[in-house]
Amino acid sequence: MTMIFGVPLVALASQLVIGLFNGAFYALLSLGLGVIFGLLRVVNFTHGAFYTVGAFAAFLLTSYAGFSFWACLLIAPLIVAALAAVLERTLLRKLYGLDALYGLLLTFGIALLIEGLLQFYFGVAGQPYQVPDILSGTSNLGFMFLPHYRAFAIATSLLLCLLTWLIIEYTSLGAKLRAATENSRLLEVFGVNVPLLLTCTYAFGGALAGFAGVVAAPVFQVSPLMGANLIIVVFAVVIIGGLGSITGAIVSGLMLGTLEALAKVYWPPSANLVPFLIMAVVLFLRPRGLFGKGE
Amino acid sequence: MNNKWKTLLGAALLSTALPMAAVAQGGPLKILVLDDMSGIFAANGGPGTLLAVQMAVEDAGGKVLGRPIEIIQADHQNKPDVGSAQAQRYIQEQGVRAITLGGSSAVGLAAQARAAEAKVFTLASGAYAPNFSEAQCSPYGFQFAPSTQELSRAVTSRIVGEGKKTWYLIAADYVFGHTLIADASKSIQAAGGKVIGQTLHPLNSNDMASALLTAQGSGADVIGLANAGTDLETTVKQAGQFGVGGKLAAMMVYENNIEALTLAASKGMRMSVSTYWDLNDKTRTLAKRMMAKNGGKTPTMGHMGAYGAVTHYLEAVKAVGSDDPDKVAAKMRELPITTGIWENPRIQANGRVTYDMLLVEVKTPAESKGPNDLYKIVAKIPAEGLFRTAKESGCPHVK
Amino acid sequence: MVSASLSLPLQRRRNLNIILLLAGLALLAVAPLFLYPVFLMKLLCFGLFASALNLVLGYGGMVAFGHATFFGGAAYVTAHALKEWGFGAGSGLLIGVAFALVTGFLMGIIAIRRQGFYFAMTTLALSQMAYFAFFQAPFTHAEDGIQRVPRPDFLGLVSLADNMSLYYFVVAVFLIGMAVIWRVIHSPFGASLTAIRENEQRALSLGYHTNRYKLTVFVISAALSGLAGSLKVLVFPIATLTDVAWQMSGEVILMTLLGGVGTFLGPVIGAALVLTIQNYMASTAVPVTIFIGLAFIICVMLFRKGIVGEIIAVLPSSWLNGSERQKAGHQ
Amino acid sequence: MSIVLEARQVSKSFGGFFAVKGVDLKVREGSIHALIGPNGAGKTTMFGLLTRFHSTTSGSIFLKGEDITGKGPADVALRGLCRSFQISSIFPGLTLRENVRVALQRRHGSSHQFWQPSRVLRRFDDEADQLLHRVGLTPLADRLCSEVSYGRKRALEIATTLAMEPKVLLLDEPIAGMAAGDIPMIVELIRSVAKDRTVVMVEHNLSVVESLCDRVTVLVRGEVMAEGSYSEIRDNAAVRQAYIGAGYEV
């Protein structure tokens, strides 16, 4: 058996695939967080809750309304987007003129409220969600059994990240978004409806998180706390990548997932610490993050 | 602005009206059901345990020594600090006299420590760490649930006997998982097997992929699961996805876990239990009454144990003629357990309740005659020699 | 130039402070006759914790989202020292404070490199790292926590075994903690801090190494949070993950925000309010997070000044000092 | 006259765009030196570089012969290089006297004592009042800063900066946004404070520059276009061209 630092290559490779899977979620979530921050200057604590709501929406749609997983993949993000739009219009909007920290505290409160409500109705324990039949098999890759569903999840998440990146970099809508990030007053002069753009951005970021939630549902249990613990790792991802950098969000998300997997192989107790240790090092060497520019 | 102020003033006034410690002598006898009511163990114990306690009180006539019996419930959320504070508060403010313990053993042990100080009874009906009747025993503590030692022994020795010698253990990182690992390792070695690795995971984890792959990579014959509740369900489910389902051996499985995983997914799994609803006429009668009230869910050994524990406590109070803790504790050890839930039950000086354990196997869907028909009883393991004796327990109260 | 006798408003202000102080002391002395002492002690611990956070949040102008690390970390260290090393109550508190001080310094050094919400996110992430470190460290016993912590005597003289004597001990420690906070706020350092909070660029241009001041206040705040956490171990003989989890950091921010950021008594009042409501919620099936979440939303949308801040806003302005007058106006 | 402040080939780029490029600057001790140039010429950036609020992309800066390129803004302030800001920069929640005191307590090394009561700061009140008197703000000493007019804030800013007893004073557009009636007061103030120190100022009002300044450096698009006395600059064709192009009257 081939060994790498005393670990069989086979075991290493399979752990890296799992790491990539987790990294795909980090990337998807930090991407939405980054887009929202870029435009609204809000550190969206509710992001983890959006992810949870996405998963619950899929769970409820499937269990009580008989929707298929594929339908949920489309509808649940829209539900989350609608929720996000309402929150932005009714609450978040009123804080734009104030210290940005109020936005952080407000979204923190909303996250707790959503989490608490879900806990009240569904309990802390996870709800099961079935993998769609077509993806329920596994492939023997030689070094591991890869569940088809996990492969699908990695592929879709990366595709969505890529798509978002292309939109922001290469379309006129993306150009407007980038301009609004620089100077929202300028855009108003050009006739862009900035308030609407802000609502849409928040809703879009929420939809990305909701999508991640649906993708997560069949693998993890659907539980009220699933997003709460994830969001803090995602914060570390965002700090490492550099807030406001789309590329940074995607690259550092995937990187962190795989590094975490490596940690699990070589020194399991450190696995949970890895994202934060890397963050501390990055903050020391490059305070603005790996891909961050000036503020 | 005015309204804001009124609300705040109201809240401030309310806060001054907090109840003082009021232990009314001769008032109702209060029993606290301290359990995980909404978390990962809620289906093992939780609301079902509350129902069982209510039925036990009902069957005792709702009264003892002319005093009404009041049941209070609290959700400790599997957090030791929460459970400990709740136990303390209900003892000091409400004068609770007995507490049933279920859910995380860490919480139960914290609560038992507080209760022992106040001479309050603790009935561990759904808590499985051996510590309740061993190192951290209480003169007023009684463990009706089997401990990790008994749970692991029957399963591991049988599987090692089949020639599967190397084990990798996946455990929840708290007192229950730790003791289960220790006890399982001991019995695996005793049977001639070997533990080649272990992974601990936090309570309520949602991804076991990495642990399972590490276990698989270790090349062990058996992946032993020393976790419980939904953690167990997650592990079994994901093991199936990664193609290692055939290697699993679980040590702590409840009927509700089987129902969640379905018979098809868990058929043939073996574990040991203290009792099963389809054991005898008495268990069947009790279980059918419970099912009538809980929507047909199969009662677990935790639920039936809570019924038996509270019944026994109330009988002892009645026999003594007062709720004097020392007298009742002595009487509980002396009186025979009559509920019929367990076979050959006895109470040791350290508060450990012993009985013959059952080794059961999950039926295949074809074998099952109905939604509640889950296990076939493979063997009965006599209490003698299975449980540690009071002397061996290391309980400091046993002289 | 400074006149020997104080001006009339200042005199009035001083009288008000003395009246408040005496009333507070009297209240603390008789409170256990009416209220459950364990609840009161919990309140004092969290009041001190929130006040310590307020040093950073209100007076330093930095939203620190990781104070649970100091509170819960000190609780662990004290619990371990009392239980395994046989420390007394006094030395047990001190070692908890020392731990929080060192951790605060380490976290501060990294976090103050970034400002505003970057600072908030960094402290949050670092405290989550600490959470996992505690989770893995064998001495904390993971989910079990450190249980059955003994309650030793203070200096071998004062027994803290019964709740009433412990109560007055907790009151004394609380008062010492609050006195330290009062001194820090009303000191040359406090004046420097105000200047930095009001205009950091200007302070830099006047030769203030602003990061050093921020670090100092962060460390003092961490140490006092540690004191509160260690004190809590004497009251509830258990130290668990709850106290180092990030939700705890959020909860203490809420207490401070609700009572009034940057006001001396606000955090204590906020803590009392939050704990009282939690106490009532505990016997219902409604998760406490619903209430905490709602309180955050209401507070941020309607009550940004907090309870004490709103009171200051309706007081005659001659009673107030400069920064309070500023606060009373629109933020 | 010796050189008190010197920049050698200093550049600053923001994401590839050079705000300041290869600037050499020598400020003579005791002079009043003006930096002028159209908007976006890099004057304020240059101030930021000199006072170390920005880090340089390349080049070095010397104060009294000491290389201060690696120092921070607080370090250079303590070495006697103090600046004001384009937009009035005060502590709004403090009284005028307290504002000045912030600088005094720093200079006297009494800013980090968290164990002393704040009444020890009263020992700086006399000095603060003298500084306020010097800029004509004595009657307002106890007023909150946020309550006084813009011109007075700028005067206060100068008083606060003076409290640091700077060797070199950098004033960024000291009369910008000021009511016409207040301008002579500030001009006189600058003239009087410049008696015993060096002043570098960014200024758009060329008549003020003409009446105050000994030397003028013209920055255009981040580079030095010309340097000399005001009259030399005025007669420089390239400078006239740059200014007319930018819509300024010389």
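Miscellaneous remarks
Order of writing sets the labels: A, B, C and D. Residues in every chain begin at 1.
Please note the rule applied: a contact is a pair of C-beta atoms (placed from the backbone, for glycine too) under 8 Å apart; a residue touches a chain by one contact, two chains touch by 3 or more.
As the structure is a prediction and not an experimental result, all values here were calculated from the model.
The set of chains in contact with chain A as well as chain D comprises C.
Here B-C and A-C are compared, and the pair linked by more C-beta contacts is A-C. Farthest from chain A, judged by the mean position of CA atoms in each chain, is D. Measuring from the averaged C-alpha position of chain B to that of chain C gives a distance of 39 Å. Chain A and chain C, compared by their mean Cα positions, are separated by 33 Å. One inter-chain figure worth recording: chain A and chain B are separated by 38 Å, centre to centre, where each centre is the mean of the chain's CA atoms.
Chain B and chain D have centres, each the mean of its CA atoms, that are 74 Å apart. For chain D, residues touching at least two other chains: there are none.
Across the assembly, chain C contributes 135, 285 as residues in contact with two or more other chains. Of all residues in chain B, those that touch two or more other chains are 38. Here chain C touches chain A in the complex through residues 63, 110, 113-114, 116-118, 120-122, 124-126, 128-129, 132-133, 135-136, 246-247, 250, 253, 257, 285-297, 299-301, 304, 331, going by the rule given at the top. Of all the residues in chain B, the ones that touch chain A in their complex are 38-40, 42-43, 77, 199, 204, 206-207, 209-210, 213-214, 217, 229-230, 233-234, 237-238, 241-244, 260. Across the complex, chain C is touched by residues 51, 53, 72-75, 77-78, 82-85, 89-95, 98, 101-103, 105-107, 110-118, 120-122, 125-126, 129, 144, 146, 160-161, 163-164 of chain D. Interface residues of chain A, counted against chain C in their complex, comprise 43, 91, 94-95, 98, 100-102, 104-106, 108-117, 119-120, 232-233, 235-236, 238-239, 243, 269-270, 272-273, 275-277, 279-280, 283-284, 287.
Residues of chain B touching chain C in their complex: 1, 4-5, 8, 11-12, 14-16, 18-21, 37-38, 74-75, 78-82, 84-86, 88-89, 92-93, 104, 106, 109-110, 113, 136, 172-175, 200, 202-203.
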